[in-house]
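Please find the structures below.
Both complexes below contain chain A, partnered by chain B and then by chain C.
This part shows the complex of A and B:
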């Protein structure tokens, strides 16, 4: 158990995540320039001492925009994951405890699994229109069933444990049992898939930004920066490449942390859950 | 075997019902009055007369309760009438029909390419854990997992089209157009699957039949490649099947980068223009294809692995 904490991948993931969060919180202090300020003389200039990652088509500092871009990416990804995790986990343990709900909830999650996550997000955006609130709804909507499934299957096995039986025998009510006996056993798996899920959400947020359907300009956002850099990629590849590096690095950070957490918290996670786990993200 | 298949097909009914409700709601929840939008296109004026709008609403049944509307909509849909695009006036069924071919081509090519990556790397790294092949494959798959497909696409595009001028930038029609998007999706989807293959192979190499095969004096290549791999495949195939269903409609961003005229591009363009009949049609088709591919994979599973029949599968 103790050795698992020492896995280098997880440590690296933790350090990277900490750095990312630090940069997101202290963006105004860390960023070399105002992300919206246009330095027209430096348009499309490559990396230099003044502009560490160069400037974009409008002469804005790419490094500053990447740093400020952490805010919508991380902020939204964490919020969405928390929202989906909370809804899914609550529904999942309720379904495991109250058998009447179980079949219904499972059929509903089946329907959600019939769509690729990004398609469901696009449906929501087509109804709500692009914007940050609709982005949040659009990504939490396909996200929750995964948590419901995992929480349910964990809760079902915990339910049969002796201590739950004992609590019931001394007169504990269903909500007490759910909160104090079942939830603590479910949380490790939920924390693990949430951490992995944050990476998936970052990818989706960038993907929707790339399509012009996510966070709207002029807010600095990586997917938008990537697509805006494509037409000028032959003369100024630094714009798109920086955005891509930012996306991959942050996803990598959360994936490494999440996989490390899985080894520590949830070592015997079931292989048969793979399909469900990976596709609803 | 047959009861299993029947049970599996019966389980589809609630899913298809849910999908149809979702598709129906996507149209009725979207802002804007369909009667007004239709009239705007017909009369080519921004403000069609109120009376005409009301009349058309009645004709389209929009004044009836939602469940009546759903029922009628279902009837029309089952007859193959999905309405017309606001943008082009083309019928949604023919627009989707045109997009299905390219989507199937791309999804099929990507999965085949992905298999070429997954099988050797997954098997070799499981057979030689800790070796350089293993470490290279695992590092590569970690990178592939954390790189979104569109980033892979942009890098390939930058290197192969812009720098080396080997392949056309984007478009559809010839084989060379297919290469970039297919390689992109194959690389992106091989990341997780290679690791899954490795895990399954390691488990299967620990089984007793592998020891038996070795003790009979069978060569290591045959033990790994035949006996162990055959038993490691089912979970990998399940996963790839889901992946293929995903690629059919979910490869939205990659299709947009390479201007591939598949379902994903059709959906994104429709969402941008809020062309709701097309969005609705795409939703229905994408979900149905996804469900059917997963059904097919489960059938394949039964055929490959007799244990599944015995009820190890749970809905």
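This part shows the complex of A and C:
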């Protein structure tokens, strides 16, 4: 168990995630400039000592905007994942434990699965209008079925364990059993897929920002920065490249952490075998 | 039986069906009737797959029977509310490893039944001490998880959990079969001491004849989902009447294990749809044995045998 923690990918993922969280929390302290302050004399200027990642079309410090952009990206991604994970896990273990609800809940889950996630998000945003709350709803809506599936399949196998029946035999009610017998066994997998899920949500948030449907300006956001940088990419590639790098780096960080977590918490998961096969071929 | 039975099972049946397109029926328990008086131990003996565990789970109300009725302490089981029933009817499981929640330490496992029933008054530490000494465990164990204990320690925890609520009946499903001989003896004497102290009744499910001899007052031999022979333990051990019981005991002299009788158990269960499950192997079988289930007859008072030839074969054996 101990040496599993020494996997380099997970360590790197942990360090990167810690750095990202640190920057998001202490953005005002670490950012070189106010992200909204326009230094018009330095418009589209390349990286320099004063502006580490240059300045954008309005002369705002790109580095500061990237750092402040961590806040909506990380904050929303974590909130959405927590929301989706909570809803999905609860429904999943309910479906597994109460056989009568199983068919109904799982068919609802299937309906959500059948819908492409980004299409559902676009529909939700066009109904609710752009904004942070609607972004949360739009991304949590297609997000939860995955957790329901995983939680249900785990719970189904735990439910057949001797100690669940033994708990019933000493008089435990269904909610006690769900809380103390089933949930602890389901959580490792849920934590793993939600860590991986945070990475996916960061992409979705940036994607919706890119389309102008996500976090609204002037709040600094990576997807918005990317599209704003595209027209000037020939004269000032640093604007969109920085945003791209920020998105890639944060997705990479959470994916590495998630994969490492999976190897630790779910050592028998066949996903890692699958990955080994891919490397072999 | 002078006292009213603590539990009475009347014509319990359970059939499992599996498969979606091709239904396969597996008759687990067929019309089993039994009674246990307070302070007595009924041992249900039989090899794997004969329906013992299904019977135990139905008796405990953990599995709904297809037909039949369980009466516990004078009231039908379905009319009991779960909370008060679980306080008076407890189970001890075979696999103490799998029947203890792996997320709990021994401390929480021991207090769990009391907490669930709101009986944890006053000092939890004092309660823990009482429970530990009750089953002969040392306090070092309290902060260990189930997988950090030995099989005997886990089973003691399981017994302490069952006994902490002072139940009227404990259904013990192979409580010692995964333990060493020496530990088995300790666990059995522990169970006996509880019976002497609290007058608790046991339904003791086992394939291990040696342990049955040590603890049972009455014995029911089960085969293919039916009781083939019931009666007082002494009488059955000294004079088994059903041909299957006799085979069981003869083989058991060498192996002390009902499972050693044959490898036919699965086929027996499937073949038991109509006739006597033992007919394919019985040296005295006649054509009628495999076509219809023999009736339960009472050759001597208090003993029941489900074999038309029991009286005759008994003479042959004698």
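Of note:
Convention: the second predicted complex is superposed on the first by the 269 of 281 C-alpha atoms of A that agree within 3 Å, B and C clash if a C-alpha of one lies under 4 Å from a C-alpha of the other, contacts with A are read in each partner's own complex, and residues count from 1 in each chain.
In the analysis below, contacts are C-beta pairs under 8 Å (C-beta built on N, C-alpha and C of every residue); 3 or more make two chains touch, one makes a residue touch a chain.
These figures come from a predicted structure and were not determined experimentally.
Contacts of A:226 after superposition: chain B is touched, whereas chain C is not reached.
Chain A is touched at more residues by one of its partners, and among chain B and chain C that partner is B.
In the overlay built on the shared chain, the residue A:168 is in contact with chain C alone; chain B does not reach it.
Contact with chain B, but none with chain C, is seen for A:244 once the two complexes are overlaid on the shared chain.
After overlaying the two complexes on the shared chain, residue contacts for A:213 are found with chain B alone; chain C is out of touch.
In the superposed model, A:184 makes contact with chain C only, not with chain B. Residue contacts after overlaying the shared chain place A:50 against neither chain B nor chain C.
Shared-chain residue A:123: touches chain B; no touch with chain C.
Remark: chain B residues 11, 14-15, 18-19, 22, 26, 29-31, 142-143, 145-148, 150-151, 154-155, 158, 162, 192, 196, 199-200, 235, 238-239, 242, 245-246, 249-250, 252-253, 256, 267-268, 270-272, 274, 276, 279, 282-283, 286-287, 290-291, 315 touch chain A in the complex. Against chain B, the residues of chain A that register as touching in their complex are 106-108, 110-111, 114-119, 122-123, 125-127, 129, 199, 203, 206-207, 210-213, 226, 230, 233-234, 237, 240, 244, 247-248, 251-252, 255-256, 271-272, 274-275, 278-279. Put simply, chain C touches chain A in their complex at residues 57, 60, 62, 82-83, 85-87, 90-91, 93, 95, 97-104, 112-113, 116-117, 158, 161-162, 165. Taken in their complex, chain A has these residues touching chain C: 161-163, 165-173, 176, 180-181, 184-185.
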